[in-house]
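Labels A, B, C, D and E are assigned to the chains in the order they are written; within every chain, residues are numbered from 1.
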Amino acid sequence: MATKNTSTADQALIPLDYKPSKMRIERITEETSDTKTFRLNFCDADEAQRFEFRAGQFGLYSVFGAGEATFCIASSPTRKEYIECSVKRMGKVTAELHQCNEGDIIGFRGPYGNSFPMEQMEGKNLLFIGGGIGLAPLRSLIWNCLDLREQFAEMTILYGARTEADLVYKEELKTWQQMQDVRTAYTVDPGGETPEWKGEVGFVPQILEKMKPSPKNTIVITCGPPIMIKFVLVSLTGLDFSLESAYTTLENRMKCGVGKCGRCNVGNQYVCKDGPVFRCSDLQNLPQEF
Amino acid sequence: MSEEKQNQSEKSQWQPRIVAFLCNWCSYAGADLAGMSRRGYPAAIKVIRVPCSGKVDPMFVLKSFERGADMVLVSGCHPGDCHYTSGNYHARRKLLAFRELLDFFGIDQRRFKISWVSAAEGAKWSSLVKEITAEAQALGPFKTFATMLQGEPS
Amino acid sequence: MTEETIKLTIDNQEVEAEAGQTILDAAKTLGIEIPTLCYHPAVPSAGACRICVVEITAGARGALVPACAYPVQEGLGIQSNSERVRQSRKMTLQLLLARSPGAKIIREMAKEYGCEELRLERKDDDCIMCGLCVRVCQQIIGTAAVCFAGRGPDREVSTPYKLLSDVCIGCGACAFVCPTEAIDPAEFCSNPLEKIANEFNCGLDNRTPVHIPFPQAVPNKPVIDRENCIRFQTGGCGACQSVCPAEAIDYDMEDKTVQEDVGAIIVATGYKLFDTEVFEEYGYGRYPDVVTSLEFERMVSASGPTDGQLYRPSDGKEPKTIVFLQCIGSRREKGGVPYCSKICCMYTAKHTILYKHKVHDGQAFVFYMDVRSGGKNYEQFVRRVLTEKMATYLRGRVSKVFPRNGQLVVRGADTLSGGQVEITADMVVLAPAIQPSPGVQDLAQKLRIGYDQHGFLLEAHPKLRPVETNTAGVFLAGACHSPQDIPDCVAQASAAASKALGLVSHKQLTREPTIGVVNELSCNGCFECENVCAYGAIEHKELRDREGDLTATLAHINEGLCQGCGACAVTCRSKSIEVQGYRDDQMFAAINAISR
Amino acid sequence: MSANGTITQTLREAAAQVLSEEKVGVVIGYGRDDGQEFSTPVFLRKAEEVKRLVFDDLCFGNLAVYLPRPEIRKMGKTGIVVKGCDLRAVNVLLRENVIKREDVLLIGVRCGGVGQPQLPKCSVCELHDPGGCDVVVGEAIEQQEVKAEQRYTEAGKIEAKPAEHRWEFWQKQLSKCIRCYACRQVCPLCYCKRCIIEKSTPQWVQTSPHLRGNLAWNVTRALHLTGRCVGCGECERVCPMDIPLGAINQKMAKVVDERFGFRSGFSAQEEAPFTTFSTEDSEEGIL
Amino acid sequence: MGEQKLYQASANWLKSAVDALCAAGIEVLAPTQSESGKVDLARVTSSEQVIQSYPNTAFPLKRLFLPMSEVLLEYEKGEEGDVELGPKSAPAKELVILGCRPCDAAALEMLDKVFQWDYSDVPYQEKRDRTTVVSLACSEPSPECFCTSVGGSPQGSEQSDVLVFGGANSAALMQINTAKGEKFIERLADTVTPAPEGTKLPEPTELEQKFDPQKVKGWLDENFESNFWVENSLGCLGCGTCSYLCPTCHCFDIVDEASWNRGQRRRNWDCCSFALFTLHASGHNPRPDQAARYRQRLMHKFKVFPERFGRVACVGCGRCLKNCAVGQNLLADLADIESR
């Protein structure tokens, strides 16, 4: 893996004073019992104008009084009117965020981190494999790709959650299912289904093996709980995929988002700067610190 | 107006903030009774209901001071009368020891009161609140916590 | 045991009897009455008085035999009232009448058998020498305090050497069985039993150790008062057992602590009366004719000690003047209670009416502070007393009651006329304040319910939850809550009962959601929480890994037991316990809000 | 040093024996390289390693802090070198179910005191001879009688100041705290999996090292150790900012001693003062 | 700067510098001694508070640029839900640090690298910009010192605007390295004079090299998984002492502290030895035990930093070994690694 030896001299530095931009919550969608999607608008029109990001990037969202937390930007960069993030209630900030109402003002810093390799993906078959809330970063990319549909070959979405109730973006899952040029497979863990469930039942790697996607000319992007990723990679290898063309994201704890607070590194890789998107083959060479 | 006089008039306009943690069964009911029997007591007191005086963590008291309380009161059932049999006995131990610790640090003990008020003692509640409000008024704003951030490290 | 049945005929009726039974027993089953004197079912028969003789007419040698002692035999034919029998009884009675003309039962029997006065030398002794007392004392009580002494005409029942007996335990069994009421152990017992005051009648009369507590008792069955029962005190007596036909008495029964799991508790421990003796000026306890309203209530009760006759205690004369004093202790900040006892006005008015019923020419006076007659028709009731001149009502306090010439002088103020009044009365009735039953505080602490400074139990809310307490499942009814009369008690009791039923009629109990929850990720398993939990709600939960090996033992809160007091939450240093509804973040937010 | 020399020798023998007999998986003791200012913990797994073991008057540390550690427990039954004062901490750990008696092998040393000059705690030590250990090394030491007033001299000095001076004093001391939590980490009784400081919902104790946060932190820790602190003095020793933490703990020890007649760590069975109560406790100061 | 300029100063230079700067209304930090005997840099208002003889200060410089706790943001919520953000940053006042040691100055190099990595950390940089660092070359290193092993030197001039040779209480030679240094010299006016042409710097102080960072890195590259980490961290308490006293450690936490409607966002020191440093909200912890955390500390300093920034993140000040409560000895550990 090529390690960038970042030099400070020859690059224009971006001043960072940790002051977030103010954003207004425009809409809150309840995805599951513990996950909500927030649609946000910059309060300042200039900031809105200037703001740009790429799929896969993340930001630091803050509830004033509770603190900052990291979430990926779950909306597509092609839809510039707003940004969205989907948040699972886990701790202090996320709980406070869940308490917020539409119209409330929160803070946002970003975008930070690298992004999915859009350039490499052009003309390729795309296989998205998501688990649980891990669909959030994929969603940004999926819409991004759907908005530029002609640039890519086949698109396949495999998504699973523990139970039916844990599936996020239920409306969009339907939309994708109905699209002619997208292949979808949704699954829940055994026991997580209701009698009405029409999708698959089984763990994501099992369904993947059942689907037998062709590794040819395919790029895989997978996001989800670490344990799922681990077995997805095993299955992919079994299906003759090269991990060189598989990407995932990491979610190590971070405070600054810009490589200074010193906690997100995996070996010499800083998840906030070198990630959060990593090539799976690279990850296998990193120390298991994630 | 002389400075002293001005101070005095400021003091008299100033209203202390007293945070009271009242157990649900005795003191809260006692305060309720005071209200129901139309016994007035000063509004300086901000009541937070807890199941039992034994549920009052010293953290609550400390945090109240941090948040600007000029006085904190914890009130529960009389010994032997605890709705939960022994909560107030535990509270008595812990809170009195805590008060000694505050004192050891030089933090004015008079700012932290403990009382027993039963559900039938509406009158006691009302006179107690009058008394401690007057005391808080006389003591003036509690500066210890208010000024604490000024000595921030650099 | 194979029971041998024996067939015989009595007065031409066939009867089946068991071996070992007597003719008397067999006759009883047929409803044939054979007179007896020296017989008592609990005492071995002696056939001594021969009043129970019957004639054998078949199956054996024809003879007159004592029915109480003669065993049944197969094929026996008996005549219980033949001429021969009647003659024999007449003879016997005549002798007895001569010996004990004063004995009621003998006189009655003699009359029945048509005996005349005898020429025999009259002896004036009620004792008929049947020996039943001797037998009961020897064979039942096992004491042998009395025996026959002397011979011939000097024969009598007595203690050995006619001395005071210190063997006699004073049980009174002899007196109990004596057909002629001729014996009284008090005459020879060196340590006679004390009389037992009848509590129900306020000690106005006495009762036996085995007694039915009061006429309406439920269940209406006797109880043995062990403190006073000889059987329990000395191991003797046992009379009640031997006489109880239902064989219901078992001295070996132990008091049992009965443990019941219940879903609801209704506290209805009622009241006691204020101790009137503390007010010396009224003379209660010193002058027998000063009584409490409750004592008066018993005196005029038809089921009371005097069968409803009103006598004054000192000399049994009918009281012609009576004074009722209200508010004894009530509404009295000093020495009494500050509250109004609520029921006294009404029952005093009732008492004046009752008094007038008993003593038509009597005069009643009532000293009162106010007449409080709130309640349906209550005011009309009081009006009736006043308009029908049942009593003279004097508004004011009495300062002193003192004796003068065998009567009581009541000195008080009449605030309406503004003068001092003195009434000379035969009896004074005090209406003491109502107080909660003794020991109610202990009970309240056990039940974890509140009480006020007077000891009256506290409702959860005076308006919205008047029969509930702060402890779920515990309800209040009656005077334990506040002074109240029967209609109020009944209303409250009905309400409490329906609340309790409402609670237990569900399959599942809804409980307060405020209970503790342990965070297993941070619990250290130190179990300091366990030590402070008053309900034993903290359990040890064992965590095991996949191999089943114990990895940790952590605290777990039993949600059924937890009451949500939060003692554990404060004790837990790592803040691993949260009480739902009073979670730390909620408390934190509440505290935060003061800096608003 | 001669007396200590013999202790070291017998200690090594004792450790070698329990290790070679496989009675324990590890022995925690003290070791010291030349020039080191104090003896540091060593963890011995094999009998051959016992030459690293020493006992001398630079053995300040309270090794009981390692007993709850998962890494240590994984090694099997733990042999541990304890001075009398350290044993008190072990007793508290036993009482609080942190360790089980059968999982530790206590190698007690009869310690006459550590420090050059001797630490104040040692001059009022009441446990020169640690009772109830599995192995005891060292010569018997005569136990001096310690009077109640000798126990709390450090706290007493501060108590003697007027309230305003006390506050000035502590303000100065507590402002120094850098929130390194060394005091907590070294304390054998601060074994919480998640310290209150690490609970963020809500954050009772502010983590910022400003006076307010520092006061809350030190007050909280003092309360959490009330009736538990065994006065080993480790927290004060390791505080890089030289904050007199011992005095705070001593004050609370005094409070529980005087109020509830309780002194911590003398037995593994006792109830801690805050987990029990007496109906006779003082009501003084309650309205 | 092209060629180094040298100035001479009298033995009393430190005290007169303090007085001159204070008189000019400039904030001065100089070595002082606390009641408990600790020597540390502190704000002084007169030369009397200053002491002149000490091996090194108790604290490194980092807290002057990355304070233990600093307010990043203030906010106040209005009634209508709007939020007011502050504070408006005040213009930074000039500050001069007098008398730190070269190793501590050199550590600023590492901090600069981190805080100027793509993003320029404004709160840090403001403080950095306003500060002039005048360090004092070491003539008698302490036994714990090992700067020479990590690329430094007792006379290293890295990040010192001025480096002073000759001690605090003897005649001194001042080496001016930056424009800030020039300005400093100007302020001292006549107490210093340019050194005569050809003045030589004193002979460098000898300090043996105690290990070879290259070799250490070689071993670290191969041994992420090793029993070494477990064995050598058994005694470590996981306190923050070593990091907090380390001139190059710079990890921080960001927390909000709020009352009802207003509050602050603060940046506080944090430390990789703490158990919760990397704990995910899900409860998963990538560095679950002390061994992993101890490994991070060493790896970060001796492998990650060289790979990312071209230099080990240790200046050999020896504070961590001196202050560790359980005698955990970085030097010994590194020597151990080197010998493997």
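Brief remarks on what is shown
As a convention for this text, contacts are C-beta pairs under 8 Å (C-beta built on N, C-alpha and C of every residue); 3 or more make two chains touch, one makes a residue touch a chain.
Owing to the predicted nature of the structure, the values given are computational and were not obtained by experimental measurement.
Within the contact network of the assembly, the step distance from subunit A to subunit C comes to 2.
Using CA-based centroids throughout, the chain positioned farthest away from subunit E is C.
More C-beta pairs touch across the A-E interface than across any other pair of chains. Distance from subunit A peaks, on a Cα-centroid basis, for C. Among the chains, the centre nearest to the mean of all shown protein C-alpha atoms is found for B.
Separating the centre of subunit B from that of subunit D, both taken as means of CA atoms, is a distance of 35 Å. In whole angstrom, the spacing between the mean C-alpha positions of subunit A and subunit B is 50. Each of the following residues of subunit C touches two or more other chains: 521, 532, 571, 585, 587-588, 592, 594-595.
Counting partner chains per residue, subunit D shows two or more touched chains at residues 194, 196, 201-204, 209-210, 274. Multi-chain contact residues, meaning those touching two or more other chains, occur in subunit E at positions 68-69, 253, 255, 258-260. Note for the complex: subunit D touches subunit C at residues 96-98, 191-196, 199, 201-202, 204, 224, 271-272, 274-276.
Put simply, subunit B touches subunit C in their complex at residues 17, 19, 24-26, 29, 36, 46, 48, 50-52, 54-57, 60, 63-64, 67-69, 77, 80-87, 90, 94, 118-121. Interface of subunit D with subunit A (complex): residues 200-203.
Across the interface of their complex, subunit A is touched by residues 72-73, 75, 77, 81-83, 85, 89, 112-123, 125, 224, 250-256, 258, 263, 265, 267, 270, 272, 277-282, 284, 286-287, 292, 296, 299-300, 303-304, 307-310 of subunit E.
Residues of subunit A that touch subunit D in their complex: 91-92, 95.
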